[in-house]
């Protein structure tokens, strides 16, 4: 009987908190959106499922060994942790606070104490540490995306890079919005938090995860969920803004066919981009370096088996673990927070402003070139969200003029937006990292 | 708090500025490169698509098999 | 000349022990069984080969840096290790004992001492630490198996889950057998050891490795070898028991065709299973969580590239390293032991009892449903050993009635057995872990 | 030693008991779910098999190529 | 304005050193050779690209956290590091020297200090530690190469193993050359350095990386670049030597067709080789053990899915990271050195001597067998450089006699050379490691 | 320095010596093995190439499908 009670007291049903119930429901909604509505399923299926795992009561899958030790709160273990961390109190909450505030040496010592007491890191915690804590996950995704990206349309019309630059205004406007909300006392974001939130406007998943894990790891879950959800919502978010800012005549503009781009130009491009990054913004070097490496493998034509692996087996493996790792940050204590609402709100504003900035820049460029050569609809593709945003441009173009195929023209700003947000990421890491 | 807003403003200014400077330089560099390549490294007119042979340690079995079957044929026909 | 002697004194031939010779022969037999007799070759080829590597004299491939340092027994290194571990003696054996009994901090310190003295972990030791010590290997295999499993037959007839429950009796009966042998003084198993041995009766390789690495790592080699060997022997072990416990008339029972199961049901199933695990037995969450995740990826239809990778590149990579890691536990000092014989004996008993319990349960269910709707032969498939046990059921069914195809009916209890043994694993980890 | 045996017995009792309770609940939950799905979420009658397009970053080349070739065709035919 | 200056002072352009410029140019040349001249592109593309990444100023991608902390030289951090490392000076250079000379415990403590100060290991440094520092990279490549290697031609004519032995003379002659240059005061190589340089003559990339990372990690970059470059240059290096040492009549010798080798022999071979290694040279066990494991997976016929993965997804993934990791050792401070020139010079000498020794051994064997059964041209294939060297033998054979197909005959010594240089590696690790 | 050269010479001597001894033993062992195999384990004369079925957990869908379709056929034909 005693054992039955023990089992019952250790069960999820007995221990579950309201927060965990809420988060499990949130994650089921994410799975629904991913599976039924095809919202970026490759990421949102693992994220949603990982979120459920992270919220299983008593399993402690998303916690470190020390957090698990504190959770189970055996007096002698707490005593030992407290003395290691140099705190007088053995209250669980205060031991945890002391742990979170302690330096790397104390962390290491506390981990050994927890290990001696028989506690170990949760599975999801280990996934997070290895895949995101070490940054390797986002970097390998970036390498794979580089290996999948064709810079041909960009090289055929390099001026579309300006559209990719303009659309990053969404990022920085959102940073300002976030610090504004904090200054007004509505939210409580530091400048690091604000920068990490802003990057949602980059409309690029791995960049957002990379920056958030560096500047505001406690917000990572909300930021990643917002970034991927809004990327999936691009076909809903962008069209009204695009229609509002363009005239029917502008939307009808037909662009002339792109010139042929040679293999050699495609090989040179990633190297030039890398050198430029190296010379101007070393902080963006890991992200753009891996991106350029993937692209060089793709274009050079002599390492096809490596390029294939980077685009398939490797990126798939990393995607599985990256998704689960992001999910580990969806534990109730980290996600259910007024800040999360703020992030979701600011994220959609970021997408909107980025879209508007891209379209306005395209209008400006069109004006400067005589008013009949650049369809402003391709400007919105500058936010990234490859290739969804480019398809949206194409769709609106076809609506205005059924013979007006904008897809290839929009691919230029689309991939430019990837570069643009990686550069923006580098600037933010440099200044507030 | 004021400080936070001014930090945000400065981040915005420098950030957008830098993004534009960087991408402008990239436009120039790319255009120059394209001109250079078009002029000095034009593509050969007809480029028959050849599947590159890139085995890791270079164990190229195709060639090996081709030569081997030739060898076998040679030996048999003696 | 001196150098020739040195080379000779460092050679394997000069240093080999009888135990190492024996173990190398044992591993050659494993390779023979795997290659010629097709005994679960995907695991037994790496295990057998890894076992040979682990028994190469002087190479120390399966030892930690500290064990290697003690093996070569330089006085100053032993002195330094002894003082780090707080033991007075510098006898190699006693230093090693002190090391094995010391806590995590002392382990860490001793590793640094060994590293300073120029010793490093053996290759196989590293494989084991990363793949099994961290639990990631069995979990990823479970994810891949989940991605390969079709729960259709189970969903068409959920009552077959009872067969998967009954067959787990083999596990717990064996636990009792193991503690009985210890109580009688024949063997020397702790309750943890007994639980780990019992799980052999689960007839599921990754579950056995997971539980053994948690409860009784020193027995892991024998347990894994027993589990995979007996799974391969299912076509020999099960039929006599099945024939003994069923009548000819029962074996002739034809089951009616399974109903069609919709895609939606298949998507819901892993989520329901996960929630149930989360609510009732958090200790089974890592294992069943990854299993459900794999299955959801398979069924949801929107992440096929992830599902493909989980079933192919990823599970193959993990299988290679898991096998080698298990092999690292086949070093003579760990394997050649009376306990190993006990494990091999208890393991086959476990399979037999599990089979019998499954068949008896099926007979009972058949009786309760009127005696002509459930063929008791499908009960034996409840032990798992997917899909071998289901094929055995089918084969015996065809023998009794050449028109009686039981394979699909046996797949239900077969996959139910996987769930059943994972639940049993969770209970044991909860109570004795 | 007695203690060990009683631990074994208790593990057996609770273990088998729990396994049965758990799988019984799973039988109920699964049956309920199946009934629910059959009633409220029936499968569409004809489901043409469509290969889902799930590129990681979504670079869907098929659609891209289709649109591109249409575009080329359009330009040529002018 | 201040921030603009800050950005400028942190930019690559402001901080770049002459050495970094040089190294970036060297890496661009490597990329050119790999892409345009097809010089072992699978390795040289990642190595070259990784080399550029390693030389990005201020990014510190190839440096450890401590090195990065010292580079940025904040007084309080230097102070803290100096006291941890037990050195009085806080001069960056001296702190770094103290770090490099300190033991594992001090290294660990210093890493924690750097982490506390906010510094982390560079991306490339982590790649190196995981892939090469742990030895796993070269070992997995060897496993994959084993899974790709057909020992049929060798088994059909086992005497060709002598050719693989003879060609290793290039390795040891080069060791002597390296110590000779040091004795004369021209270079400054230790015996470990000399052994690592000699292994270039083994003409086998992963063996060279394995030995260099063990005996002379500071020379790894130059050794790997030399090894892969000269392997690509085999068609230029070998023919003149082969023509010089053989007569027209010898080159015309036609060899009789190889006998059929049964599947069983091919299965036994890797096991016999492993046992022999285990008995005679345990130090070569990791390298040859993984090689034999790969080959057994290939030949045993029951684990084709593992063998496929070892030859494709896994070896591709490892190749990407191995190349980048080698590239991390191409940072200016480690590569631009008189020693590098010495290594490049000694490496080509090693290839030349190895080729000559192989050809001379083949001539001797031909003489001993009556002078008309072994074409000495196959001797040069004993250096390894699989399968380039065998193709060179074939090409020269065809030049002398258009009906003389030597490829299969040269494959025997070719794969024998792989075994030979792995054995030589084991001997050197045993004696000077 | 003299010491270094003598170390190099000794490494050369022992190294080449060992490589030759090792590969000579391998020649003997391999030849013996080949003789043994040819004599006692000859290959069956005709070996029809069968693709080995080696699923990790053994979920062999081919066989399963074959049996399943037979079963369906059987049920339908009743």
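Before moving on, here are some points about what is shown:
For clarity, chains are labelled A, B, C, D, E and F in written order, and residue numbers in each chain start from 1.
Note that in this section a residue touches a chain if its C-beta (ideal position, glycine included) is under 8 Å from a C-beta of that chain, and two chains touch if they have at least 3 such contacts.
Please read these numbers as outputs of a predicted model, since none were measured by experiment.
Chains touching both chain B and chain D: A. Within the contact network of the assembly, the step distance from chain C to chain E comes to 1.
Listed here as common contacts of chain B and chain E: A. At the interface between chain A and chain E, under half of the residue numbers appear on both sides, which makes the contact a different-residue one. Chain centres here are means of the Cα atoms, and by that rule the chain farthest away from chain E is D.
Among the remaining chains, the Cα-based centre furthest from that of chain C is the centre of B. Chain A and chain B have Cα centroids separated by 26 Å. Centre-to-centre spacing of chain D and chain F amounts to 38 Å, using the average Cα coordinate of each chain. Across the assembly, chain C contributes residues 3, 7, 41-42, 280-281, 301-303, 305, 313, 316, 319, 427, 431 that each touch 2 or more other chains.
Counting partner chains per residue, chain D shows two or more touched chains at residues 14, 18, 54-56. Contact between chains, as defined at the top, is found for A-B, A-C, A-D, A-E, B-E, C-D, C-E, C-F, E-F. Only residues 1-2, 4-5, 7-9, 11-12, 14-16, 18-27, 29-31, 33-34, 37-38, 41-43, 52, 54-56 of chain D touch chain C when the two sit together in their complex. On the side of chain A, the complex with chain D involves touching residues 3-4, 7, 40-42, 141, 144-145, 148-150, 205, 256-257, 315-316, 319, 386-388, 391, 394, 403, 405, 407-408, 411. Listed in rising order, the residues of chain E touching chain A in the complex are 3, 7, 10-13, 16, 24, 28, 31, 34-35, 38, 41-42, 45-46, 49, 52-53, 55-59, 61, 109, 112-113, 115-116, 123, 126, 312-313, 316-317, 319-320, 324. For chain A in complex with chain E, the touching residues are 103-105, 108, 134-136, 139, 267, 271, 274-275, 277-283, 285-286, 289, 292-293, 296-297, 300-303, 305-306, 308-310, 313-314, 427, 430-431. On the chain F side of its complex with chain C, the touching residues are 10, 14, 18, 54-60, 63-64, 67-68, 70-72, 74-75.
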